[in-house]
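Below is one structure, written out as structure tokens; the observations come after it.
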């Protein structure tokens, strides 16, 4: 940390932004617009929060080019192209140093003699590494993790405490697995008969490619045969279920509590919003978006956007909601027509049937 | 436990209720109305189960004041203001002694020298306590728990086996964390560009205030900056997702499998029923109720009650359901009108266009 | 493994199927129709994939009797009654040997002196077995599992790494618990008053009968009193929530991310599809089916099938969807009627009111 006090001018220089207001405001931390005090740096990213900038107490606020209000006395703006990214830079400058994981194997870890670990690997207390595991350079195996037989982990991975990776799964480079993640448990498959459900062996693996991140308490089942496959750059949030033989393409975003059923295939750049569910054996095209809580039971074309349960194309869903409201107007119109027709019949004289 | 046999009279005295029936029925256990035998105590709390009291075999049943049936031969009622609470008292009297966690650190636990633990703390087998942790009096750290660097835990907390609390998080007094809970994993935040998704550092913490309870396998993400905050007295069920920078007010109830997205703020006394989902950046007012499986995408006012996906005010939802049914009646009315109009036209003679 | 190369004829003999095509095609592995190469065995089970058999490169494909296409040169079909089951047999023949768990207690495990373990039991590294536990023959306790005081586990169970079974729960024979499962955490029960929510003691247990399998990161809460009960042969997928005092009958199927609220009772052979939610105190009849994402708030009769949130009988749901679409047609009909009635009035001359 810098010994000298940090100021509004220092902030503007750090992020390459344009300072509007006094250069000598002392800043000591970061906070949201609502929580900030006079010595905090804050930011306006979401236009939704535009009205919160002036009432905020934040000494320095990152704002986008279009924000033209004048800062009140004793406060300053820093105009920049991407206020959120600028804020991340300041957050990093004020953040405590991250936890470091020095190379070495803790005395309480249990590592099979046949496991291949470079000296640069960190293995935390109580971690278990089974036979014939191969681990890449600088990878961190957190306290209490379990790495099963013949698993391969690439370079620069981080497994936070209490991750389980079962036998024979393959994990690429720079993969982050958060606490509680379970990779490679058995897929859910049975042959059902009069005697009950007989387990179908699940002898495949899970393959996770480079730069994937998986949130805490998410689980990816091993394939019935072959592999369940999560491709490069995909990010998965917490408490997500990925069933056996699912394929998730590159750079997808899978938000918390989503469930993907067996053998469904996602293209590249697909977004599944929170709590969405997909039945099995579907194909979801590149760039498709599945909205929150959607229940997808049909293929989605590339760049498609679906919503609802059962999920339909976004416009069809909107029409459905509109129709629901329209019914009240229709009911009134029908009542009115009934009245008019009754009147017309009366004017024409007695019914003919 | 009492040496003498327990009787219906003993039960009535224990809970301060009025005995209706013989005082000398021997009771040896507790059970639900359906499962009870003649020597069990049971209770009627939910009016839904009213019809199950007479068919039940339970020797003694706690009933509310309004229950006026006469007990059959060999059975008794105990009339009391709160049958459920009375039942809890008897359950406690019959329950096996709870598991005790004697003070001390198990030989297999790994505790950093810089961690500050009073002698009254219990640390179970295989637990890991990192550097600069501070723990309050009488707190229980179950087997295999992981407590990260600089974490603070207050007095009288219980962390059941296999809980993870990551670095720098703060936990108040009398907090209960059930097995599998993960506190302080990274929030789900990326800057997306043509090269994929770049991780936004998540350098904040989680703060959990006094008297909070969190169910098994729930997860609370650390803030991007500042804190994710769960306030005093809030109770969270199992498999719940709390995203980064969420604030949950005091004495809220969050039922199983709920998901709360980033930066959403709940007031005090909010109830989120099971599997509800809330998008980010919302404000949910004090005392609001979100019904089961609701998908909330707009602010909810204090004492509001919403349901549906997308969630709407409760009465609007009911109207929607009604409209859906009304359509069939409308279709018939329209058919009838069409017939009448056809007939009217015929009576008026040939069409004019 | 056989020393000689495996061929299409060997495959047909293994599964007792009828070979259509050359007997001497060499096969070295198994794969799905899409992924297979010329030396792979594949299968057609789902009629949905019928069109993928001819374009597939699979050397040998299991097909059902009704599949009458002729195999192209260099490929063969094996016609059999159950292509999926036949495929499982070949998968098993090609699968690597399963992980073996030799009898014995790992040196790093912590086993209470009063626990009763036969010599045939496997206890992995770091597992904790508390006082008065009783374990059956050949049961496997994976690395880092926690088995609480007085728990009973039957013969031939497998607890994968990092399972928690809390005090006094009872588990039958041949039960499989996947990694991260939590059995016996406290039910979610409070008495709410002006001072907040007071915890209701949860002093019951969980009972799991023979041949149950529970997927990773699922949780079953202990009963308030008595037992939460999962009966023989039931299979539960990942991330499922089973609340206190729930009873699940025999041979049920509970798919991923389902939530079952307190005291609800399922009959035998019930199917709950993914992400379904059930409120408390319901009765779901034998053989009932709850569709994916359904929100069940009423009892379901035996063999009933419900869908939607709130869930309704399947046909009623279909009618609702139809009504939603019908509204547009109705709106047009009403407009047309309004035009005709206007015209009729004009022909009849000036209005009379």
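A few points about this structure:
For clarity, chains are labelled A, B and C in written order, and residue numbers in each chain start from 1.
One rule holds for everything that comes next: a contact is a pair of C-beta atoms (placed from the backbone, for glycine too) under 8 Å apart; a residue touches a chain by one contact, two chains touch by 3 or more.
This one's a predicted model, so the numbers in the text were calculated from it and none came from an experiment.
Superposition on CA atoms relates subunit B and subunit C by a rotation of 120 degrees, given as a multiple of 5. Of all residue numbers seen at the subunit A-subunit B contact, under half occur in both copies; the interface is built from largely non-matching residues.
With centres set at the average Cα position, the gap from subunit A to subunit B is 24 Å. In subunit A, the residues touching two or more other chains are 108, 126, 144, 162, 180, 217, 239, 257, 275, 293, 309, 324, 327, 330, 334, 337, 341, 344, 348. Residue ranges on subunit C touching subunit B, taken from their complex, read 108, 110, 126, 128, 144, 146, 148-149, 162, 164, 166-168, 180, 182, 185-186, 188, 190-192, 196-197, 199-201, 203, 217, 219, 221, 224-226, 239, 241, 243, 245, 257, 259, 261, 263, 275, 277, 279, 281, 293, 295, 297, 309, 319-320, 323-324, 326-327, 330, 333-334, 337, 340-341, 343-344, 347-348. Here subunit C touches subunit A in the complex through residues 30-32, 35, 46, 48, 84-85, 87-88, 91-92, 95-96, 98-99, 106, 108, 124-126, 142-144, 160-162, 176, 178-180, 211, 213, 215-217, 232-233, 235, 237-239, 250-251, 253, 255-257, 274-275, 292-293, 308-309, 324-325, 327-328, 330-331, 334, 337-338, 341, 344-345, 348, 352, going by the rule given at the top.
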